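Which chain is which? They are A, B, C and D, in the order written, and residues in each are numbered from 1.
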Amino acid sequence: MFDTKLTRRSVLVAGATTALAMPFVRPSWAAPDTVRALMWEAYLLPDQITAFEEANKVKFVPSFFDGNSEAYNKLRVGGSKEFDLVQADGFWPQLYFREGLLRAVDYSKVPNASGYLPEFEAEAFKVLSDPKSGKKIGFPFCWGAYGITYDAGKVQPERTETLECMFSSDYSGMLSTSARFEENIALAALLVTDRLGSRDKPRPDGKPFNPYVLSDEELAEVEKLLIQQKSLLLTRYQDNPTLFQLLQSGAVVAATEFAQVFRQLLTAEAQGAAPVDFRHALKMKEGGLGWVDTWLVTSGVQDGAKFDLCNSFIDLMISPAVMKKIGEVAGCSTTVDLRSISNETERKLFLMDRSNEIADLFMFDQPSSPEKWERVWSNVQAA
Amino acid sequence: MSNASSYIRIDNVSRRYGAFKALDDVSLDISKEEFIAILGPSGSGKSTLLRLIAGLDRPTEGRIHFEGKDVTELAPHKRGIGMVFQEFLLFPHRTVRENLAFPLRMRNEAKGEIEERVEWVAGILSLSTMLDRYPSQLSGGQQQRVALGRGLVARPTLLLLDEPLANLDRELRQEMEIEIRRYQKQLGIPFIYVTHNQEEALSMSDRIAVINNGRLEALGERQAIYDHPQTPFVARFVGKSSKFQGVVEPDGATVRLTRHDYEFALPSDKTFKPGDAVEIFVKNERFDITPKQHGGAGIPSKVVDVVLRGPFLEYVLETDRGDTVIAVKPKRNDPIPLQERVLLSWNPADCHIFKDGADDARR
Amino acid sequence: MSPSFTDSLIKWTLAAFLALVFAFLYMPIVHILFASLSTRPNFPYPPEFNVASYVRLSTNTVYQSAFLNSLLLASCTAVLSTVLGFLATVGVLRFAGKRALIYAIFFAAPLFVSEILLGISSMALYYMLFELQGNMLTAIIANAVHCFSFCFLIMAAMLYKYDWRMNEAAIVCGASPLRSFFEVMLPITWPGIMGSLITAFVLSLNGLDVSFYLLGATPTMPSVAWGALRYGVKPELYALSSLINIIVFAMIIALLVAIRLKRKAV
Amino acid sequence: MQDANLQRRLILNIPTAFLLLFFVLPLTALVVLSFWQTENYKIVHDWTLMNYTTLATEGAYITFFLRSLVMAVGVSVTLVALAWPIAYFIVRYGGRYRIIFSLLLVIPFLSGEVLRLIALQGMLGPAGLVNGALIRMGAAPLRMIMYSNAASFIAFIYLYLPLVVTTVYLSLINFDFRLAHAASACGANRFRIFTEVVWPLNLSGTIVGFMLAFIPTLSASLVPRFLGGPNGTLYGMSMAQQFGESGTWALGAAMGVVLFLFSAVALAILSYGVDLRRTGFTGLGRQ
């Protein structure tokens, strides 16, 4: 079609261009004095980062992601060489480790790891151990649930004892859920399996019930349920501020969320916003979804200076003072015992005395079949 | 003809574009202080020749020498030439002064020298009052002079002019013709002047090279080219003439026109065999017109229009066979009236006779 | 109705419409400015004047380096795509002959392939062939592919009217080809070249779709904004964006003043 | 002559090689990927047409596509209708300030798309500027403009208006308005001048503008994500989800190939529908 077959000359030119460009191509792992993290933006405290950079004479280079699968995709495409530190929640770290994207960590090199709440101590918190080798694969960081935040003035508290309230036409047009498909499906699955009574029957994977492992029949029911729910939703929010605004303005009366907006709403009220009786239901009678965000070290990090840097960064992040600040900024509960430096309200707000409830929640997990879940979600969106 | 006096020498130069021959084996010697016109219809290859001399194009064969030095492979900007384009091609983002200074700056002349030269060239071209204007603020004639100045300012080895007057109106053109010739004599460098306008070529140049279909048709003093065309093409192209078909009579000394009842003696220097078909070209101003009632030989015609051309009258005649012929005569107080029947004839020495198809034979 | 009355009616109707359109275009920009100056960035009405976010921005090295990375990315993309676009333009206008149309369609083709597709397909290629995570260079290249077509069209529109013999005129005046380019061609065609540079710069400064899939561990403004979404965009980001807008606005006002001064001078 | 040929080759070959390497090759990779499968985030290198079968038979993807198509046509037509008077005004009455006007069109682009969409969301949402004002005045909020396809529509207009205006502007600025005077002298009224002379001679520029809005709207992922609401998922958003969230790359690649083919066909139809000679197109290249 074109008379521009790759002549020897044009190949030479291309080669020369590539050679000239080599300094750019050099992957960032060649740079010795940086720590690169793939993380959630909410956990980034600029002043702490600056302090860390100055103390260790390094540059901290963060990249941000939104959902676990997004981070997973980035990691798999050579990302374990591109990043030193990674964040993930639920069961994802185990998957990462199985795939060889992570390295085992050493709790003894992170002094502040001794301050964990009992549920998150190395021995107790099995989610961060490799089931095969028993090696520790990461550090718990923040935790929370995917509960229901509601305006108690408009929704009776007892109605939120069940997930049904998120699917009730009484609140048509005044409900909202996250735009993330995994949690929407898993939460609907809790309701569906409860209605069907299929939890105690043999599960597709032969293991105990997990809302992330569903039979085709259950998925079909979930799809129906979510399609019914659609007409009741004002929107599926992308970001917390949107939900904050929707709840505060009264446009939305109940929403499933990570308890972060709930805390922001209470904080806003404390700072003088119009008082509304916002409450948060952590666990419904059908069950609830929980998450623990973690810090992980990628398999690209070798023992030595880089590993030490990673450890000291994690140590800084889980130090009580920093942890408390992050809890306040991001609105999440912490895995480190901060009760000694917190007041009564904070203890209540950040669920410091309720960390044992995490055990009853279903941890965020990888969908049993991303393909099938994707199809369900597409059908819901298209309906 | 490789004599030492030739300043510019073009040696068997050809330029092919694939199978197409834009220029075919052209040789030309130009001496210093010569004004040479390259005349040809559009597409004849005359501009190609100019571009080859300028170095904007390279010949496929042949060499080009400046002052005895082979410049065939030399880049155009190192040839030290000046060139004036038909579209002027003044740099629109620069003032007249900057345009004039441009060739000097390119030759890295000293600042003082540049100013001096610009003043000088602006002086002889009467541009001194408009040095700070932009080209868009100038009239066509002024732009023309700036273009000329830009070509001359750096004292080039030679000046190439590519139909520089084609975009000017008629009066201005005649004025400029005289000017340009004057500058050439004043500067003493060769001007190579490409044009398709034979009047310009005739009025300005010392010699004329006629080019047709990439070949050099004729080369010579302008008077000779005009008066004694060597080929039918030159006869047709240089000057305004009318063409007739004829046959050489069995006596070998008389030519009889095929379409008209007119015959005349073959000039003695022409040798044709009896029965040869010939083409006869007669310059419009060489016709004789005599009123019919006076009698005599000639093509019977009728005056259908008379056009006044300054000191001349242009008679538009229609022959009895329906052909239109134009004859030019000096203006007289008693022009031949319209519809007057006349006889058209010419002095055999004033016409040019070629064997029919001579043009084709050359190709 | 006299024609002149109709004319001015048309003129003023159009002017009013233009004002409306500009108001529509600038409302979100003003919103961002308000948000950067407000203690309540989610709903910054009525506007406040609180520079806290600007102060925080001055110490936030992450946003600063994201900005610098964006700047680097956009500058390299602008230069690369303009140079390639220039070559393509010259090639099509001067040397392509009968194939000019085919070349022109080929060079304009990336324009008609969505950015997201370009980003995704480049990522797919790098991953499948080289197992390579994106980096600055891959992002620059992918952005340049998209911007290249814009540059090509802009410069083609400009150079289409350019008289190429202008270069020859310069060369016979003794200018080397390089010098004739800088002294003659560039000054005459700079609006097209500048337009091409500006367009490519602006397009790649904030192009999320292409960069998102190709940037790897290099934060840029759009990727930082994207990462910040879940928890809400921080006012610092609004502040950064507003700062850029203010600076560019200042430059445009300077240009306006320059035009006015020039008119007075003439 | 070697020289000129070399120069000519290089000038065309460099951009061509660049596009072949970084445009054609990646697209080829995408095509290859679309014939594979993903399973639990892993690519399975088995050749299959399954992705295309899925796309052709699953109602969801067809719905996304039709939604996107309707949206893209609506947005592009509206944009052309809006862009013409604006560009016309700038060209006819902009005078020496034309450059200012056209730069002012560019400035909004300096703020990232994400930021501008959040700002738009802040203005169109339930508690946003428009509805906030309505509520304050005691009126009912406009449900239509919050989290709906109408909101997406407004956002698309917002995003691509400068692009289309600029394209029409570039076309008009190269248009010789003496032709309009000539038509006027031939007795055409304003309307006829527009339909017979101005419009056809700027049609190719307008079509380019149309396509420049049509293509990105067809593949948009951010706008519906932020403003579309529960029923606003468009084709591009679904495609982006395949790559970003659900990790079903192969299906996403197939969606991309379909999108690309459709864009190419749309472009071909549009350019065939137009007689280039009637738009004053004189061909490219002078040599």
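In the analysis below, a residue touches a chain if its C-beta (ideal position, glycine included) is under 8 Å from a C-beta of that chain, and two chains touch if they have at least 3 such contacts.
Heads up on the chains, UniProt names are B = ABC transporter ATP-binding protein.
Note that the structure is predicted; figures quoted are calculated from it, not measured.
Steps from chain A to chain B, minimised over paths through touching chains, total 2.
Chain centre most remote from that of chain D: B (centre = mean of CA atoms). Chain C has the C-alpha centroid lying closest to the overall centroid of all protein C-alpha atoms shown. Compared on C-beta pairs in contact, A-D and B-C come out with A-D as the pair having more. Mean C-alpha position of chain A lies 35 Å from that of chain C. Separation between the centroids of chain B and chain C, computed from CA atoms only, is 54 Å.
Remark: chain B and chain D have CA centroids separated by 57 Å (rounded to whole angstrom).
Among the residues of chain A, those in touch with two or more other chains are 2, 66, 238-239, 245.
In chain D, the residues that reach two or more other chains under the touch definition are 12, 14, 16, 118, 127, 243.
In chain C, the positions touching at least two other chains are 42-43, 103, 106, 123, 226, 229, 233.
The touching residues of chain D, counted against chain C in their complex, run 8, 11-12, 14-16, 18-19, 22-23, 25-30, 32-33, 82, 85-86, 88-90, 92-93, 96-97, 99-101, 103-116, 118-120, 122-123, 127-129, 132, 158, 161-162, 170, 174, 190, 208, 211-212, 215-216, 218-219, 221-222, 236, 239-240, 243, 249, 252-253, 256, 259-260, 263-264, 267, 283-287. Put simply, chain A touches chain D in their complex at residues 2, 4, 6-7, 9-10, 13-14, 66-67, 69-70, 72-73, 76, 179-181, 230-231, 233-236, 238-239, 242, 245-246, 248-249, 251, 366, 369-371, 373-375, 377-379, 381-383. Within the complex formed with chain B, the residues of chain C that make contact are 163, 165-166, 168-177, 179-180, 183-184, 187-188. Looking at the complex, you find that chain A touches chain C at residues 1-3, 21, 24-25, 27-28, 36, 38, 40-42, 44, 46-47, 49-50, 53, 60-66, 74, 77-79, 81-83, 238-241, 244-245, 260, 330.
Chain D contributes residues 6, 9-10, 12-14, 16-17, 20-21, 38-41, 58-61, 63-64, 118, 121, 125-127, 146-147, 225-226, 229-231, 233, 238, 241-248, 251 to its touches with chain A in the complex.
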